[in-house]
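Each chain carries a letter (A, B, C, D, E and F) given by its place in the written order, and its residues are counted from 1.
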Amino acid sequence: MLKDRKLIVVVVEAALEQRLSKDILTRGAKGFTITHANGLGPRNQRAGDLEGGNIRLETVVPEEISLKILELLKTSYFPHYACSAWVSDVQILREDRY
Amino acid sequence: MLKDRKLIVVVVEAALEQRLSKDILTRGAKGFTITHANGLGPRNQRAGDLEGGNIRLETVVPEEISLKILELLKTSYFPHYACSAWVSDVQILREDRY
Amino acid sequence: MLKDRKLIVVVVEAALEQRLSKDILTRGAKGFTITHANGLGPRNQRAGDLEGGNIRLETVVPEEISLKILELLKTSYFPHYACSAWVSDVQILREDRY
Amino acid sequence: MDILSVAVQNLTSAPVLAFALGLLAAAIKTDLRLPEPIYQAISIYLLLGIGIKGGVALSNAEFQEVGLPILGTLLLGLTVPVLAFFLLKLLKKLSVVDRGALAAHYGSTSLVTFTAAVIFYESVSISVEGYLTTLLAILEIPGIIVGLMLASRGLRREVSWGESFREILTGRSIFLLAGGLVIGFLTKSTGFAGIEFFFVALFPGVLTLFLLELGIVAGRRLKDLKKAGIGLVVFGIVFPLLSGTLGVMTGHLTGLGIGGAATLGVLSASASYIAAPAAVRLALPEASPGIYLTASLGITFPFNLTLGIPIMLEISKFLESAGL
Amino acid sequence: MDILSVAVQNLTSAPVLAFALGLLAAAIKTDLRLPEPIYQAISIYLLLGIGIKGGVALSNAEFQEVGLPILGTLLLGLTVPVLAFFLLKLLKKLSVVDRGALAAHYGSTSLVTFTAAVIFYESVSISVEGYLTTLLAILEIPGIIVGLMLASRGLRREVSWGESFREILTGRSIFLLAGGLVIGFLTKSTGFAGIEFFFVALFPGVLTLFLLELGIVAGRRLKDLKKAGIGLVVFGIVFPLLSGTLGVMTGHLTGLGIGGAATLGVLSASASYIAAPAAVRLALPEASPGIYLTASLGITFPFNLTLGIPIMLEISKFLESAGL
Amino acid sequence: MDILSVAVQNLTSAPVLAFALGLLAAAIKTDLRLPEPIYQAISIYLLLGIGIKGGVALSNAEFQEVGLPILGTLLLGLTVPVLAFFLLKLLKKLSVVDRGALAAHYGSTSLVTFTAAVIFYESVSISVEGYLTTLLAILEIPGIIVGLMLASRGLRREVSWGESFREILTGRSIFLLAGGLVIGFLTKSTGFAGIEFFFVALFPGVLTLFLLELGIVAGRRLKDLKKAGIGLVVFGIVFPLLSGTLGVMTGHLTGLGIGGAATLGVLSASASYIAAPAAVRLALPEASPGIYLTASLGITFPFNLTLGIPIMLEISKFLESAGL
């Protein structure tokens, strides 16, 4: 009864919350969950030290959508922004929601 | 030395924090971790816009418990509430704690 | 194009944020992400009820680093502190960052 | 002061303008929000502060003075939701469960509307009996319970009343209001002097910030108005006038002054959007938040805040002059 | 005013009643909590505000006036934890490490107890020397260090003192208190005028909110009382009387007035539940928080807040009349 | 009062000392931070409060009084970033994009510097026209846009101006300032009376807390100074003197008093570190935050806060006495 999906986690500076959310949805994700986060990474160059840390966005999507999102990150986020992302396998119950 | 377990992540409207925590424990989970979250999903109908967003609960459990929790979600949460959930494989060190 | 890595999630009482971050980096992790969390576990004995809950630290690392971090947790954190940890498989794009 | 200039003065008060600014913020989709913990802290501040002030007032009041108004308020709390439930039958589209949920909201009351009314009345030199807060606390709960019970007739499942009652009664709204009342009653004017600054002088300013946030939240609800339908909009404006008038009358009949009766009218007219939604969401998940939140927060709250408050005052003045 | 009416007035002050309300909230398991960021912000506000006020007072004081009390306080800070450590031998169940941890807590001091005492004394017209804050800052640290050192005799491992000291000294409590002292000392009464409103007039109200939260946290500790055992409860009540009396005596001997000596008694009697637990948790993970937090926050804090404060005042009056 | 004692009084004011304490906190690596939601809430409070106060002042002002200063300010907003952009050519290492980003920051303005200036001037009995807030709001935006446009000459990609403008104009800074102005203008002195306490009396204290946090953030920037290079440090100190003098002159030429002209000087001298970085980060990700944040927050902000404020006052006094 469980179906396979991909979980993408993206950590990015908080100023990009709106933009990333929109971009993710236009790539075909049907939903996402965001928590506020802090962190450290190899780049660690950052605007808005004042404007609060990172966001951690996670979205459960079919594999083909996950590839589109990764492509998006590669072209529009990784080059300029403090951004981390990873993908893993998850399983879900309600197929039509993800 | 690492043992296999299941990780269930449940995202649900914050009003249900107490109820979900209790339900998870009665299904046999020995612990859980909760963070506050926001999100968007296909349903997106929500009480307490005022009373703060979602919670993201995660619990590491043996496979049989994970099935019970999914069953619980299916009968008592999915039909009525804004709720998302996914399962994945994780490994842990201290077998008797999870 | 995707490379395999390990994701370690550590949940620990918030007082240890600084110490854990430093320890993780000295074990070879190149970055980490922290969110604030609450939770319940089998031990549930805790200092600083006052000083706010747990932190949830996650770090994407190569397998050999993940083993070092687990070793660290086993010797310096599990015996004394409220601490949970699990490991899973993830995939990343930019090999040299993790 | 004539009715028009009172209305204008209310509409140009800082809290109401802040609410309007919040609506605008939602309309043009800024990302402005009061952070969640601040929102929570302000709620606690308002509830505890209002409770304490009410308790101090109560400690200065005679029992016979307070007895009748309390009784009248209890009656209001039981009548208004029943009235709402049956009047809502006129809206054919609504299920029994949704009607019960709405009844729970309109049977309960809104702290912020109450506060805005008291601040406004006192700014136009109309005094309000201090123990009105006690009536606020009394009006908070019964309507929710009546509404839930009415709704349960439309349910095909068993309702666990025990758990629901526990959740309602240990909810933070009622706990802080009641707790504040006791603190105020025990600490009296002497003990209150030291904290008056924090809980009185800051109050209107804090309320202004809070209304900015409520404006944003209400503004987001407005997009659901179309879905909700014209019937609900009419209900959200007309019903408060009805229940408000009932409240003002109850006030006059039980011996409150002009300001007190008007405030009881506002209490009765206002719909809950904090305690009731939380209770309804847990006990009645079948009811649609898109309906009850839109009505209470998107329609009735702005209406009361802007027009209801001066209207209740006029009704109260009229009844007084009519010798009631 | 006789002792009884002083005690009653303290028990019915708004902060103490708010603390009681918090205990109740924990007992009936409401989900009421002050959000974490608010709690943190209030801590910063209290520490910085107290520091600044103390600094302003210090800028108005003569050195010879302050020198002796500072010396006496340092001595207290070294004596009290040693006393606690050895008296705790009477509780057979406690390990050396747990005794050291308790010594660290009782050797240090509680900002909120101090504040409540000063506010209360001034409300009954007993003046308190402004530089008592300096003594608070001085009493904060040494007790913790002494306690950790005593505890380390029970450890089978090496302790990294360097890291521990760094963590203690750069902790936010001491940093804000000391920083506030310097700000106040430099800005003087002139510079203070502009911010007095925020840091003085609001103070009791903010403290009331804070004590509500502390009541909730202390209430959750109460369930551990049974595990802790009767011995610990007795210690948590009797020891503060002892160390408090020592403090009052030190105050009188070093030239403080009635109010100042009573306050130094309260400082000495109070146990830390912010700085000490943080330091102990990091440096002494082997010690059980169930013991030291329960004692300091669950027993001694409520005792001092309700009874300790008026008792220290009586002891101080008594010593004064005894011509000490 | 001579210039030196004015400077000393500014340096020993509570807000400036709190800023210094924050720098120290960063230097010794304490973990002290104002929690994020508190920081956000204080921003909202400051912006809305300043806006409202400005609006009330505007409602009391004559149009002809305000017209010229507004025009002059607009001119400043367009001139200063262009000036910055071209002077920065002297720093050979900087790319066109980085120069544009810096121009955007120095063309815009800093709310906190403005506030500290007004509070300080009034504490030394120099009155400041209330509608200066209007000028603050006007100076916020144009500089950012000019800076972005200048920077875009160095980009090899298309810039989506539409999206960028939307993000800038719906940003919370400008929305709250402008919204506050309207609220204040409509509610007038009468409506303001009730909230004056919250928005006026508390203001300097809240600002003190805020500056503690800004000190910490600025302190963390200091470690980037070395990377930034001596040229940037010089620019961060000399350019504000230049643009500030331009501002004071504009003030005198358009009819402002001594205090008003000095404040316009401070506005012009100050560099944005909230609105501009947010806009630049989104629209110009190629620009290095290590350069623009370090310059505006790490160099220019502390300079203005400590020395710039009294210097602008002296320049204003000098120009006045020179009969300008």
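In the analysis below, a contact is a pair of C-beta atoms (placed from the backbone, for glycine too) under 8 Å apart; a residue touches a chain by one contact, two chains touch by 3 or more.
From a predicted model like this one, the values you see are computed outputs, not experimental measurements.
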Walk from chain C over to chain E along touching chains and report the minimum step count.
1
Express in whole angstrom the distance between the two chain centres, defined as the mean CA positions of chain B and chain F.
46
Between chain B and chain E, tell me the centre distance in angstrom, where each centre is the average of that chain's C-alpha atoms.
41
Averaging over Cα atoms per chain, report the distance between chain A and chain B in Å.
20
Cα centre of chain B to Cα centre of chain D, whole Å, reads 35
For chain E, what residues touch not just one other chain but two or more?
31, 35-38, 40, 201-202
Could you list which residues of chain C touch at least two other chains?
35-36, 88-89
Which chains touch which?
A-B, A-C, A-F, B-C, B-D, C-E, D-E, D-F, E-F
Chain D residues touching chain B in their complex are 36, 39-40, 217, 220-221, 273-274, 277-278, 280-282, 285-286, 288-290, 293, 297
Chain A-touching residues of chain C, taken from the complex the two chains share
2, 5, 7, 21, 25, 30-36, 60, 88-94, 97
Parts of chain F lying in touch with chain E, wherever the complex brings them together:
9, 12-14, 17-18, 21, 24-25, 28-32, 34-38, 119, 123, 201-202, 204-206, 208-209, 212
Under the touch definition given earlier, write down the residues of chain C that touch chain B in their complex.
9, 11, 35-42, 54, 56, 70, 73-74, 78, 84-89
What does chain F use to touch chain D in their complex?
35-38, 40-41, 44-45, 48, 52, 170-172, 175-176, 179, 182-183, 186-188, 190-192, 194-195, 197-199, 201-202
